[in-house]
Amino acid sequence: MSVLALDLLLVTALLWSGLQSLVSRNLFRSIVLFIVFGLFMALAWVRLDAPDLALTETIIGAGITGALLLNGVGQWHAKQRNKLK
Amino acid sequence: MSELALILAIFLLANLLVALLRVTRRPTPADRMLAALLFGTTGVALLLLLAYAEDAPVLVDIALTLALLGAVIGVAFVQRGWNQEREEENGRS
Amino acid sequence: MSTALLFPLTGAALFVMGVAGLLLQPHLLRKIIAFNIMGSGIFLILVGLGQRGGSPDPVSQAMVLTGIVVSVAATGLALALARRLLDLTGKMQLPVPGEDAARDGPDA
Amino acid sequence: MLPGTDRMPDVIPWLILVPLVWASLAFLRGPGRGGRLALAGLAVQTGLAVKLAMQISISGVQSHAVGGWGAPLGIDLYADGLSAILLLLTQVVVLLLVVYARAYFIAHPEGVSYFWPLTGYLLAAMNALFLSADIFNIYVTLELLGLTAVGLVAARGGTESVGAAMRYLLAGLMGSGLFLLGVALVYGTYGTVSIAVLAPLIEAEAPSAVFVAVGAMLVGLLLKTALFPFHFWLPPAHGEAPAPVSALLSALVVKASFYLILRLWLQPFAPLVTTAAAQLLGLLGMAAILWGSAMALSQTRLKMLIAYSTVAQIGYLFLLFPLVTVTSQEAAESALQGGVMQVVTHALAKAAMFAAAGTVILSLGRDDIGGLGGVASRLPVSIFAFALGGITLAGLPPSGGFIAKWLLIDGALNSGQWGWVVVMISGGLLSAAYVCRVLRRAFLPMEAGARFNSPARALEWSAFTLALMSLLLGVRSAEVLILLGIR
Amino acid sequence: MNLNEALPLLVLGSSLVPGLIIFFLAETRFRLRTALNLAGAIIKLLLIGYMIWGVMDNQSYHFRHTVLPGLDLALKADALAILFVSLSGALWLLTTLYAIGYLEDSPHRSRFFGFFSLCVTATVGIAMAANLFTFFFFYELLTLSTYPLIVHRGTDVAIRGGNTYLAYTLTGSAVLLTGVVWLYDLLGQVDFTYGGTVASLGSEYDGQLKIIFVLLIAGLGVKAAIVPLHGWLPQAMVAPAPVSALLHAVAVVKAGAFGIVRVVYEVYGAEFSESLGVLPPLAVAAAVTIVWGSLRAIWQDNLKRRLAYSTISQISYIILGTAMLGLISTVGGVVHLVHQGIMKITLFFCAGNYAETLGVHKISGMNGAGRRMPLTSAAFSIAALGMMGAPLTAGYVSKSYLSEGAQQANIIWAEWVLTASGVLNAIYFLPILYRLWFKSQPPAWPRKHIQARGGKETAWLLLIPPLVTAAATLAAGIFSESNWSPLFWVKIIAVREYSP
């Protein structure tokens, strides 16, 4: 029963973070939420008995993709700032 | 998985969800950074717990990676996010 | 509802969210995030359905591993293009054909 | 594994490895380098493809287990007549396009960038796709093919190119995502991704998840093939790229996903496909023909006209499906032969047309159809190549397109589907109309004061060779169809 | 491959190979190009001569190449093929000579002669096609190779004419293709056979066969310019004179008429067509075309346009003859295939001469041209009289057979149509002859392009071809009963068609 509760909680977290990262009005927050989403994915892999995937997801899904996205948003912000000036 | 470990895990996950709420509702930027760091630590704790409960040492590696990631993201956050967040707040209000 | 179908169903929901985001969000970075969420959804379905019997399934995990690598490559390429567009147009959106009249010469 | 495979040296893995190797070498040599490597590599690959086709025609279907592992964990490669035809087609078209591209990028060096290594990787992905025997492997090759193709489109770097590339990438990612969803559902249902293993399982039982899977895979592949109404990404991507890239994409890359639709439709999913679905595909094909032709007729730029012509011709390919689904054996066979002939001749003709258009644009320094006056007398070989390509598109004798149209009409009449005959015939007439629109301009006298640079011979003759091949297939198509019969 | 198989290919190759070489010759290689053209034409005539001799000796010439299982490219030289091949071979030589003179100093001659040779190759292929697939193959090749000839001048009018031509003919051949594939679907390979092959299908296919007949005839009727499918022909006369000459005499229009002959006699069979009830409508269509073409011709002032409408009318004589059951009308129709060719090519050669030498394009400007250019005008007069059906000319022979055939087939209205058409022909040709010979010359001609030298009225290359064909017009009329006349051959063919 409580295994199901744990899974339900995890699934809720996944869906919530995923949805929020898509609809959030602030782009930076979207990316943070996406990284959080990656973390939940890693946990989901653990629950699915796939530790290799969990490791990969943390490094690649959350880590590398997150860093790339952060870098992208940084440039975008820089451009926006230049425009304002 | 023992009942105790499970309950602990659920508790930690609930913590994460609360942290998530902190990120999505718009508090101050500092709140957000703290929430993000909380993710890292709670995540690590959760993974270690699962490693212990399911007797799967490989999860410890994942926990370590996550800890590292938490640090990196924290730095990136401060470097990139802090100022912009504040600017956006100012720009909007 | 059994745990066996929980993750695949979540995957399906994530997939739908991702597709919707990919189609509806104008900002390219959001499109890229949406693509990744869509991919994660599929991976969840793949692994979730693969081990419905209860035991871990190495084949589906190997497939997802490959899939993650491929989608990171795609994300990298998409970000590079998005950045190029940012440099060229100052926006991170798909240019509307014909709007940007300043073409770069009549070459082939 | 077949008994014959041990005795003969295995060419299958080399068809994937050779392009990988030369592409990597070219990559190491830096931007703009590697034309010679590509030429050598393609000469080898063409030889390999010929050898494979010969092996198949002598001893039937060939297969190869990578690293000797075999399914389910290892990767199985598999080649039958259909794959051999497409492999051969790909190597030959690209070989000629490489000759073309070398001359093209000498005249137009700013477009080259990483053209050579990307072409190599693209070829590796495409060859692997034609040889794949399981649907997951197909997904990976499809994705890699899409990514390299996007790289090629973006190479020129202008707003239009990068925008087109981005649009192409997103459409492609969506397409392959849908395909992977299908793979996931199929795997979840049957626990295998091998086409050969799947076929009997699907025949035996197909729960509703599989229908969803097939639907998702089909839509994903349609998106990649740019069938109307999913064609939105194609004209900018094919029209904006440098001419050799346009030729490569229009001639071959869209055919790769079409090949997958055809293969999956005929092999593992045959028990699931319905007449209604086939008719729907046919109707979309018809819409593509009408829309693509109408748009081609209203374009002012030469390459966009050819790109829209590709949209229309893709529609033509999809008329195949109503004819092979739940019809008599004879009708289906005839239609399949016609469809494959159409794929082959269209690839040759479209490559020739884009190449010829590239030459014309290089020589005139402009891309509008209104400025084509005098080209017929200045660049007779290129215009001839373009016209021969147009004859193939219109399905007129003596071209291979005519044989294709004949077989398709035969299949349609044989299965009593009159309406499709009318569509096929009108499709041919519409292609004649837009090709003629270009040719009539080319025959007009040159405008006063127009610039003109004489192009290199290799540019003109490589296009001409491609066009000539599409023409000669009209009298030598029996060999192709015999090869197709080996399944 | 023995000689008997190779010969049909050689006949094709004798114009194809020079044509392909000519495409890639530089514009300035005038002598080489001329040599290639003439060599090709002469070799072709020699080969045809050899073939005629062989056919009389009961040799058979067949060539077959399998494109796909059940789909052969097949050539044969039967009597009907020989008739058409000889006509096109002979007229090609003359037209080439004429074109060399006509196009002196004009641009893009390599392109012109290249397509010209392709056009003749296609015509020869049509003549020798042994089945419907092969026929269609060359029929389309003809469409494609004539288009560049029509737009050759590159003017707006020429290009518009060319596009009209393409629009009509491509639509027509799409219809034809449907019919052909359908017939193949029913019968398998559709070889041309005396007496036809479709009768074997059985009566439950009659409905389908009627539809297919309509499709085939409609497709062929576009090129044969049956009203209302004739719209392209008057526009296509913007082409250079040698092209118009070839188009109207042997190539395009004739290909359509020839196809109808093949379909009626050797696919459906005359008797089966009659029993199917498809011949009377065809005869009516032909009759309407005959009258309509003649009527329209009367109002044209542009000489080539008037000739074009005259062609529309004259071609339907062939179709009318085909559509009436009976040996004699068949002879009349098929022999007109040849007779109309030599007469009409003469008229177009002459029209070209007036235009090139005097700059005269309109009939109203032809006053007194007979005295300025007596030889050309004499040739023109002979051919025009032939068209009217005057005795001693080729036209008389075909018309007398046709009207006798109409009597035999008991189609009274056909006789009226023939008579009416004869009168109309006189109405539109006699005024031209009157102007040529009896009106006085204008003070100056609009444009003197070719100077008369040494007593000649124009360049000799322009003069010889019409004189030869005019002489042939007379010869075919006067010596119609000899063993070498077209009539003799046609009688052999007709007998075979009726005794399968």
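Read from first to last, the chains carry the letters A, B, C, D and E; within each, the first residue is number 1.
Just so we're on the same page, a contact is a pair of C-beta atoms (placed from the backbone, for glycine too) under 8 Å apart; a residue touches a chain by one contact, two chains touch by 3 or more.
Chain by chain, the UniProt names read as follows: B = Multicomponent Na+:H+ antiporter subunit F; C = Multicomponent Na+:H+ antiporter subunit C; E = Multicomponent Na+:H+ antiporter subunit D.
Given the structure is predicted, the values throughout are model-derived calculations rather than measurements.
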Grouping of chains that still touch (sans chain A): B | C, D, E
item: Shortest path length from chain B to chain C (each step joins two touching chains); value: 2
item: Path length in steps (a step moves to a chain that is touched) from chain A to chain B; value: 1
item: Pair sharing more residue contacts (C-beta pairs) when D-E is set against A-C; value: A-C
item: Remotest chain, chain C as reference, centres from CA atoms; value: E
item: Chain nearest the overall Cα centroid; value: D
item: Centre distance in Å when chain A and chain C are each reduced to the mean of their C-alpha atoms; value: 13
item: Cα-centroid distance, chain A relative to chain E, in whole angstrom; value: 78
item: CA centroid of chain C to CA centroid of chain D, Å; value: 25
item: Separation of chain A from chain D, taking each centre as the mean of its C-alpha atoms, in whole Å; value: 38
item: Chain A, residues touching no fewer than two other chains; value: 3, 52, 73
item: Touch-based graph of the chains, sorted into line, ring, star, complete or other; value: line
item: Contact pairs between chains, per stated definition; value: A-B, A-C, C-D, D-E
item: Residue ranges of chain A in contact with chain C within the complex; value: 3-4, 7-8, 11, 14-15, 18-19, 21-22, 27, 30-31, 34, 37, 41, 44-45, 47-50, 52-53, 56-57, 60-61, 64-65, 68-69, 71-73, 75-76, 79, 83
item: Footprint of chain C on chain D - complex, ascending; value: 72-73, 104, 108, 110-111, 136, 139-140, 143-144, 147, 150-151, 154, 157-160, 162-163, 165-167, 169-170, 173-174, 177, 180-181, 183-185, 187-189, 191, 193, 236, 242-243, 303, 357-358, 361-362, 365-367
item: Touching residues (chain side chain D, partner chain E) in the complex; value: 337, 376-377, 380, 384, 391, 394, 396-398, 402-403, 405-407, 409-410, 413-414, 421, 425-426, 428-429, 432, 436, 440, 443-445, 474-478, 481
item: Complex interface listing, chain B residues touching chain A; value: 1, 3, 6-7, 9-10, 13-14, 16-17, 20, 23-24, 26, 32, 36, 39, 43, 46-47, 50, 56, 58-59, 61-62, 65-66, 69, 72-73, 76-77, 80-81, 84-85, 87-88
item: List of chain C residues in touch with chain D within their complex; value: 8, 11, 15, 18-19, 22-23, 28, 31, 35, 38-39, 42-43, 45-46, 48-50, 52, 58-60, 62-63, 66-67, 70, 73-74, 77-78, 81-82, 84-85, 88-89, 94-95, 97, 100, 102-104, 106-108
